[in-house]
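Every chain is named by a letter (A, B, C and D) in the order it is written, and numbering of its residues begins at 1.
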Amino acid sequence: MSRKRRAIVTEMGYSTPDRIVVRGHDLPGELLGRINLGDMAFLEMMGRMPTSGESVLFNALAVTLVEHGLTPSALSARLTFTGAPESIQAAVAAGLSGLGSVFVGTTEDSARLLQEAIPDPHRPPGDLRALAARIVADWHRRGALIPGIGHPLHKPIDPRTPRLFALAAENGFDGPYIALMQSVAAEAAEVYGKVLPINATGAIGACCSELRIPWRACRGIGVFARAVGLVGHIMEEMHTPIARELWTRAEDEAREHALAGGGGG
Amino acid sequence: MSRKRRAIVTEMGYSTPDRIVVRGHDLPGELLGRINLGDMAFLEMMGRMPTSGESVLFNALAVTLVEHGLTPSALSARLTFTGAPESIQAAVAAGLSGLGSVFVGTTEDSARLLQEAIPDPHRPPGDLRALAARIVADWHRRGALIPGIGHPLHKPIDPRTPRLFALAAENGFDGPYIALMQSVAAEAAEVYGKVLPINATGAIGACCSELRIPWRACRGIGVFARAVGLVGHIMEEMHTPIARELWTRAEDEAREHALAGGGGG
Amino acid sequence: MSRKRRAIVTEMGYSTPDRIVVRGHDLPGELLGRINLGDMAFLEMMGRMPTSGESVLFNALAVTLVEHGLTPSALSARLTFTGAPESIQAAVAAGLSGLGSVFVGTTEDSARLLQEAIPDPHRPPGDLRALAARIVADWHRRGALIPGIGHPLHKPIDPRTPRLFALAAENGFDGPYIALMQSVAAEAAEVYGKVLPINATGAIGACCSELRIPWRACRGIGVFARAVGLVGHIMEEMHTPIARELWTRAEDEAREHALAGGGGG
Amino acid sequence: MSRKRRAIVTEMGYSTPDRIVVRGHDLPGELLGRINLGDMAFLEMMGRMPTSGESVLFNALAVTLVEHGLTPSALSARLTFTGAPESIQAAVAAGLSGLGSVFVGTTEDSARLLQEAIPDPHRPPGDLRALAARIVADWHRRGALIPGIGHPLHKPIDPRTPRLFALAAENGFDGPYIALMQSVAAEAAEVYGKVLPINATGAIGACCSELRIPWRACRGIGVFARAVGLVGHIMEEMHTPIARELWTRAEDEAREHALAGGGGG
């Protein structure tokens, strides 16, 4: 077979006996002690070091996504740990597996909406309100929920949103994507006739867009941030376990129903 | 059944309509824009904010573990992404699943050795060299490799180790665990009769111990740090893929062997 | 909060001190020694025992999906095992994580096409060829590849397809879905102007539809079948490892490129 | 670098344009329609077709392990599906990740005990009761629970055990490993002074040993069997969901505790 071989290359990094290079930087000399974990994530994703403004905003986005309490993801990690306590990594992997189209994966939906509406942020459309009106009308006509707005619990506002937008403004990232997100939310409130705050997902999608992070990569921030949170949950599960109690309750309730004729047959 | 129910509780966090609390801190007001991702990880794991010295050292440990090039873990994540590009989280989960007893899981081995040798760091033994000699003799007698020392590539030193120990010293964490690790390495070089540098795993295990992180939790730092790195690899795989090439090469080579009678039968 | 609680119920099974019930059947008395693993899978998925004809066809579908050689999924499982040999389950989990939209997940695409075209198999449309023509025209107009037909390697026919269709016919399952799949393939060959055999995915999608398995569940067959195959690969990796060789080759090639200036910078 | 390359080989299978070979057998011609999924699993693991007796016993072992109701593994899969319903494979992967040292992984512990006690089944020790006594005394002295005996729910016997041992006997597999397991259980009941039935894990470990399956591979049977069961749970979750209810209950209960001052601070 005369298939043409493609080279195996990476720009992520490599090692020699006396050097460890990550994204072109000497790890011990240039990175350790000089950058924090969020900056390292930015370097990994974008291929360059963040500016100080980018560092503040990017770290804030990641911190927002670390901990959301007893989510399905956290419960899944804790239940997995119960069966395989020798494998913390497997528990985190199980927890991450559920960050799909319903939960954390949604961060990319609002980023996509914004980046498809404004492909080139250096040439934003002149009339953002008209653009927002067209977007809202389009989603409303299809009977769909607009990504990034509305929240079942946090009303009338999601307290993360104003804080993230303030951080963006303080660091020079109050650009067309955040403005468009705000116009969309305002327009949607009128068209749908109810309170529709920009939720954390929408705020993060807008801030990612201002940071020039491609929408396809936004979910990745949620994934590693949640990995941090899941390690926290597993450490708590080590000393204050809840997974066995959840399991026993579920099993007992299901057994009672089955024996009462309500299932199992 | 009259089983006594245990309460479902967590100290990780909770939300109300206008508040989001993480580890007792108001997320928007006290955390966003004020702490970096590494500090957030420390808060999640230890239940309190790091001091500025802890922040520097803990972030450095995490940054050390983010990126190691084309590891089995990175290759597994990239191969998974090839089959399920709609699920970045699944690719990261697959990559994390291999961080077991052979690779990143080893960070806990050196931490365990040190913490079991010095259960109470406020009362370290008077003669660390004698303790190190006993430890080395014990491992040597069992014919086992001492965790945290020796490296197949980085010789005569692992360049990460002196940098991490310097950061520990600058921030007041040059305590008995680092001293014991150094004594163990020196003693082992004599007993085993070869160059045995303290590798990154050993340096991290010692620094974690100085930070009072229980050895059972050390692997967790490697898990979330590597999640950051895997997101980087998947972003690279999006625009410069290598997984299909690896697959095709492996498949072609195996087929040729099978058809030549060397397998498959 | 006065939320209405929903009951936790399942019909999958339950246990009491002297009984183990699965899907309404006594496990030791009615299932062990009486049904094979494929039948058990049918019982789990469909909630009833298969007929003898269903048993033959369903087992054949599952057997088809077990082993496809050194796929990305098998490579990912083997690489994961290298790092966590104490966790066979994690290696299988990593391998399964890549069975998404590109590989095994595609079984549901052809089943969906067929089931949406013929919602009620008891009332198939009179003219299947006209229906096939409309389907092919629709996909061709969108410039998309029709799921279930065409194969990069197996030409002019995929040898699994005639065998599966023969088994369907022998057991009374040669119904409208298989007929439609054949009409679609014939029509597509003309419209696209090239050899487009019904591949295994298309044959399985059609047979699943004849077995009244909802298209959303078809991927599940591939998932558990491949779990069987991945256990086989991991057993082989135990005594004839290849993962470390794949890793070393990739790492060496990437390092050489980086040092030659082709990356890493 | 002059490293010697090792060949990439596999005996699992390969494809050419007109052939698909699995473990040396032509898949369409020799396997489809002729063997069931359990036989295929035996072929994958052992490299040869099972005899009819091996087929009955091996399928029974696998069927035993498919469905155990609302286990932590099943709950984890269902919670994962809630967040990523587009990825059935990720939900199964999450469920499998917890099959470690505490649950399904235990099948290998009893197999290991037996295979280490009788390394060569063709030359079993003359006095199994004396061997059993030594084994029990050894575990009892260490204060450990003997793998394969005792069950929290199934008392005084586990109903799966007599059925599996009867199937073994009917098919000529009532050899020294089953006999030793029975002697160990009888001896343990005396030494520990309580009812200690051979549980399903012990029965499976003994039957695997009679089938000459290496103990390191026994866990694999549980892994693919449970993958079958998890697909069943996910199909049920599609039409009768319980995961969201479990999540909401856990979150509500934790929030109430936190607001009452019992946590979150």
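Convention: a contact is a pair of C-beta atoms (placed from the backbone, for glycine too) under 8 Å apart; a residue touches a chain by one contact, two chains touch by 3 or more.
Remember, predicted model here, so these are calculated numbers, not experimental data.
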* To lay subunit C over its twin subunit D by CA atoms, how big a turn is needed, in degrees to the nearest 5? -> 180
* Select, from A-C and B-C, the pair of chains that is joined by more C-beta pairs in contact. => B-C
* To do: Find the chain most remote from subunit A, comparing centres computed as mean CA coordinates.
  => D
* Measuring from the mean C-alpha position of subunit C to the mean C-alpha position of subunit D, what distance in angstrom results? -> 23
* **subunit A and subunit C, separation of their C-alpha mean positions in angstrom** => 30
* Computed distance of Cα centres, subunit C from subunit B, in Å -> 36
* Give the residues of subunit D that touch two or more other chains, as numbers and ranges in rising order. => 8-16, 69-70, 84, 86-87, 89-90, 93-94, 97-100, 104-105, 242, 246, 249-251, 254-255
* Asked: Which word fits the touch map of the chains here: line, ring, star, complete or other?
  -> complete
* Asked: Can you list the residues on subunit B that touch subunit C in the complex?
  -> 69-73, 75-76, 79-87, 90-91, 93-95, 97-105, 242-244, 246-247, 250-251, 254-255
* To do: Could you please specify the touching residues of subunit D with respect to subunit C in the complex?
  => 1, 3, 5-6, 8-20, 22-23, 27-29, 31-33, 35-41, 44-45, 55-56, 59-60, 62-64, 66-70, 74, 87-90, 92-94, 96-100, 104-105, 153-155, 157, 159-160, 162-164, 166-167, 170, 216-217, 219-221, 223-225, 227-236, 238, 240, 242, 245-246, 248-249, 252
* Structure fact -> Interface with subunit A, subunit C side, in the complex: residues 7-11, 13-16, 21, 24, 84, 86-87, 89-90, 93-94, 97, 249-251, 253-255, 257-259, 262-265
